[in-house]
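Listed after this line are the structures, all set down as structure tokens.
Next come two complexes built around chain A: one with chain B, the other with chain C.
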Partner chain A sequence: MKSDEIRIFARRNRDVIIAYCVLLVVLVLFAQAQADFFTRYGPQSIFNQIITLCIAALGQTLIILTAGIDLSVGTLIIFTNCVAATIMRPIIDLFGGSLLLGGAVTCVIVVLLGALCGLFNGCVVVYGRLQPIIVTLATGSIFSGLARYVRPSPGGDVPSQFARFFTGRVLEYIPMSAIVLLLALLLIWMPYRGRRYGQALYAIGGNENAAFLSGIKINAVKLLAYSIAGMCAAICGILLTAQTRSGDPTAANNFTNNSIAAAVLGGASLAGGKGSYIGTIAGAMILSLIVGLLIFWGISSYYQNLVQGIILILALSVNFFSTIIRERRNKLSALKGGATK
Partner chain B sequence: MKTLRLPEKYITLRTLWSSTLLRVLLMITVLFIASGILEPNYFDTAHLMTVLVLACFLGIICIGQTLIILTGGADLSVAYTVTLSACVFGQTAKLTGSSLMGLLAALCVGILIGLFKGIGVARLEITPMVMTLATNSILMSTTYLYTQGVLKGSSHDWLTTIAKGSVWGIRYCVLVWVVLGALTIFLLRKTTFGRKIYAIGSSLRVSRLSGVNTRLTLIIVYVIASVMMTVAGILLIGYLGYPNYTMGNGYQLISIAAVVIGGTSILGGHGSYLGTMGGVIIIYLIQSILIILNIAEAGREIVNGVIILLVLFVYGRSEKTT
Partner chain C sequence: MAEAVTTGNGAYLSVTGISKHFAGVQALDQAQFSCGKGEIHVLIGENGAGKSTLVKIICGVVRKDSGAIFLDGRPIELQDAFDAQKKGIAAVFQELSLIQDLSVAENIFLGNEPTNRFGRIHFGHIYREAADFLNRLGLPNLHPRHLVRDLTLCDKQLVEIAKAAYKNPDVLILDEATSALGEREVEWLFGLMKRLAREQGKAVIFISHRMDELHQVADRATIFRDARYIMTFPWGELKDDEIVEHISGKKNARLEISKSSGAENDYALEVEGASKGGVLKNVSFRLRRGEILGVAGLSGHGQAELLHSLFGDGTLDAGIVKRDGRPVKLNNERQALKNGIVLLPEDRKNDGLILSHSVAMNITLMALNKIQRLGVLLRGQERKGVEDSVEQLQIKVSDTRLPARSLSGGNQQKVVIAKALLVGAKVILMSDPTRGIDIGTKTEIYRLMSELTRKGYSILFYTTEMTELLTLCNRVLVMYEGRIAAELSGDDVTEKNIISKSIGIGGVA
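Entry: the complex of A and B
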């Protein structure tokens, strides 16, 4: 009985389990390469490396679940990063130099802005009845333009305390980035997944018509998903601001590609209706940590994208190899059956 | 019981409007007149030719993109397929001293890239968008590793002539585009291979069950697409004079936009290359209007996005579900 349950669980979550196995391998290699892995600095540096992609990939996962794809994540992150870096100092001055209050208000404004941009994406997709891929491609161009408008040149004034708060440690040992990731998991993903709206995402991704006929409010569900995705991009923008302490409208970032790759590595299907944030986290961690690992091993950064691409393709070929193995086994058992008869 | 049957070729305003090609043509006319009103010089044939020259590179890339989108995929590896093949051409031509060798090497690389993508999509059954995304990362690394950070080689005389020379006021590269485009239209409309592409785009499963060798067809589609991108990359060297690392980046997403603006469904199975040619011209007419309006880079990107959305609102919306 028990073993059956385990087998069913393993079959259902095969992609996630594979992702975590790969992550384990990467972490072991990491522990071997990084001298201070087991000190308090190890987790801090690891979580700082992965946090931005983990947050960006959360939004991407939600959209992929609805059978969409978001090509505007990268530029929305740049846009929110530029806004955060630009408005932070004036807002802090507005509150009489109070860093805590000013920083908090900045974050709230930027997150709202991100949610608004996401809502815009959602409105065009839902009410315009257009394909998400092409909509987000166009809005991505708009966000990029807005970023250049806000910050014509790279720069901005970000207090060092702000940077230290987001990249530092709490209570000596716990990295702030880990707390942010935990909060994203506990405050955004878990409640969302557990409620009607989260369940509806899977239904829509599985079969939109069927979902519609079962009375799911497709428009509302999609609008919420796109808004939350925009919010995640904004949070990622804030974290990026804290890490780089500036806003750069010309920065070429890989967040769009990597967030899609992370979701897919974590078991999401671009056809929709399959995937979870738990898996995505593993995917995002693998993709970010690989970069660090190559640096530790002294391998030229030219190989970075090569390795990421190969991992993605290998992870997705698992399906192919498992069917081949199954077919061969079936053929063998059929042959044996024939022989005994 | 007799049923009333309408004549087959019963043309009303409504059926006319529902023809995507007509909408594309209308959009081109509107944009062309708008740009002409803003800047009278733009009615000049010489200017028209410069727009076409800029458009022909994207147009040739979009042959590949159209074929792939028609099968229900989308190619996100345009950027480095173009760049890598251009780099291979430049470097091989310089090393061997013969531009013919460079051409052959670049075409071989194009075929190999196409086989890689095609086998990934058709045999390993990876979603096309993810497969091409991963291929793009791999090609990006390959480009840097191959060139070791130093770009070598430059354009050759004959290549420069193709990109910049003209006969009766028509540039050779535009002619190349027209010839390749006509071949593509022929391929899609008049051959069984073309029909198979549409069938796969409508339903991969049904076409496989109907006896179409979907795997082989998909692989050939990806090979043709990659070779077209290679050709565009080589022509781009002729136009720019030298290869550079960012030459392909600008075409990555705009190629998808051009195909969709041209009336091809991003879901596959519907569309034509003639529409895509229109879409490519629309994109460059928009760009030229933005240049006349003399908007800064920031504004240009915003207006570009807004116009793409507006064009899509005019057509390209899916049916309303009730």
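Entry: the complex of A and C
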């Protein structure tokens, strides 16, 4: 009975388990390549590399679970980044030069702005009854335009303390990025993990009609998912502000593509109803760390996308290969069975 | 002839004067019926007669245009499905409404998860309770932790029923809940229905197209035709012929179809020692030219796998397949088609048709090779092929440019058959072709099958309906645990023989 349950658990979480196996390999390679991997700088550098994609991908996962997709996450990150870089100094001045208070208020405002943008996405999807892919393609353009309106040229005034706070360490050893990741996970877990909203999310993506017949409030669940995804994008925008100490409306980024890829690597299905936050984090870590590895190995960053693409294809092929292996085995056993008869 | 249905009179649930329009189509016109506590009430009528719309209104899934619903004598208004559930009305719908990537237990509890003060779900409790409940219900073989995705269609249907039963409703509605079940599961379901009605005093509403099933459970029946209420009668008061007459509205000639036994020693398809995974074990049989060879057995004993592997769903692990006496390879569906074998899949809506495409496009989909030259479709030939099919099969469609979705189930199935005929395959594998189709169209399909065999087609015919085997087949293969447990022929093709072989009783005949 107990082993039966373990088997079912493994079957159900196979994609997540595979993702973490791949991540382990990447980490081992990383440990070999990076000299200070086992010092306190090791985790700090790793978490700083992965944090933005992890959080963007967590938001993306929520939307993918509802059988949607968010193509606006990349430009929403840029928009919130520009807003943060622009309003930070005036707000700090407003609070009499208090970096702590001003920074905190800025963060709250930007996160609320992100939630609002996400809610807008959700409202158009839910009440406009439009496909998420089209809606977010359009709102993505809108966010990009808004970013240029807020910050016509790259720049902004971001205090160095703000940058150091988000990229530094707490209590000597704990990377701040790790804490932010934990907070983002809590943000997602609080309404969802082990709760009816969580079950509803999977149910809607799996079979919206069935979810409706089970009495689930579909609109509310979707609106919350889009809002939280917007908050995730805003957190990502704040971190980007800290890392670059500026806001750049013209910046191109891979967050949209990579966040989808990370969710899929972590076992999510674009058809909806399948995926996990823990799996997505593994996917995002793999995709981010690969970039670091390429740099260590002296391979031009021009090949980044190429390698990320190959990894995605390989990971997705595991399913296919395991089916082939199973068929081979069946065939062999049938032949043997025939011989003994 | 309509018997008055009063709202009081002991009826727990009653509806009167219900009407509903869908985009200009009258789906229900002044429909009525009532069901008392402890009663099993069956709704009968052809597809499109309005039964499903009516139960959807009772479940709060569809809003009525007019009319009234009374529960326990009081009028109720239903906001949505959740509202109906709170009032004690639960339903098992025709289309499966399970979440594939949640477990059996999670599906049973969906929307009703027990939570603690902080809104956290008691998963331990869910799994314990589900295991306990499935045991009490008589379904100990369903593991609460298994993903629904991994279950057979039959097991999924059982989960669906368990999910509705768990809500402990006062009114349980089963809309063609037996169409995916095997005989043993149907028997179990009837036991459950009788227990709920007779012992616990629930109102059970049952929709089925299978007359033999209705005989086993019905207390009273209401007939609908063309969106209208026809009559309610205590079961047993009308003979089968009379019921069919009321359903169809016209005198139906009794089903007189000669069994197609085909030519002696002239085999269209021979299978020797076919094995595949654990699901097919040393299967051998020969299909004569012009024969309808039945495949029987409880669902999930390898019948679907047999048909699919003959249509190139993966290679066999062992075994030889001969077509017209020549050994052939059937590694994929193209090879199967090239060798003149075609499959009518059991899941008409997902595997058989592209519902959003036009009827014409669906018919020519597999035969595109035949109506093209240098990669350009020949519109004239395409139109001719479509027109011929529509005429030959009497598909009821006003315009072949309409989407396949707009047809009734029976006509959809005819489109699937037309598609298969157009590719010119002479061996047709049919998997439950009359599932969820009304009696009138079923008869048409039987006639069509019989006509095809006279034209030299050979049919391997898997069905879950006993009467179809008895009417159409001179020979029947009974499958049990992936093996052919018996090959019955002539006078041995009886219900008793088929059932006993399909539950593994007795040696090979």
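Definition applied: the second predicted complex is superposed on the first by the 336 of 341 C-alpha atoms of A that agree within 3 Å, B and C clash if a C-alpha of one lies under 4 Å from a C-alpha of the other, contacts with A are read in each partner's own complex, and residues count from 1 in each chain.
FYI, contacts are C-beta pairs under 8 Å (C-beta built on N, C-alpha and C of every residue); 3 or more make two chains touch, one makes a residue touch a chain.
Just so we're clear, the structure is a prediction, and the values are computed from it rather than from any experiment.
For chain A, the partner that touches more of its residues is B, with chain B and chain C as the two candidates.
Applying the stated contact rule after C-alpha superposition, one finds that A:212 touches each of chain B and chain C. When the two structures are aligned on the shared chain, A:153 is found in touch with neither chain B nor chain C.
Within the superposed three-chain model, A:32 lies out of touch with both chain B and chain C [touch as defined at top].
In the superposition on chain A, A:124 makes contact with chain B only, not with chain C. In the superposed model, A:12 lies in contact with chain C only, and not with chain B.
When the shared chain is aligned, no partner comes close enough to touch A:161: not chain B, not chain C.
In the overlay built on the shared chain, the residue A:202 is in contact with chain C alone; chain B does not reach it. The interface of chain A with chain B overlaps its interface with chain C at residues 209, 212, 269. Of all residues in chain C, those touching chain A in their complex are 59, 61, 80-82, 85, 93, 95-103, 106, 110-113, 115, 119-121, 123, 143, 145-147, 150, 273, 275-278, 314-315, 317-318. Within the complex, the chain A residues that touch chain B are 69, 71, 124, 128-131, 133-135, 137-142, 144-149, 152, 209, 212, 257, 260-261, 264, 269-271, 300, 302-310, 312-313, 316-317, 319-320. On chain B, the positions that touch chain A within their shared complex are 74, 76, 120, 123-127, 129-131, 133-138, 140-142, 144-145, 149, 253, 256-257, 260, 266-267, 296-306, 308-309, 312-313, 316-321. Interface of chain A with chain C (complex): residues 4-5, 8, 11-12, 194-196, 198-200, 202-203, 206-207, 209-216, 269, 273-274, 327, 330-331, 333-335, 337-338.
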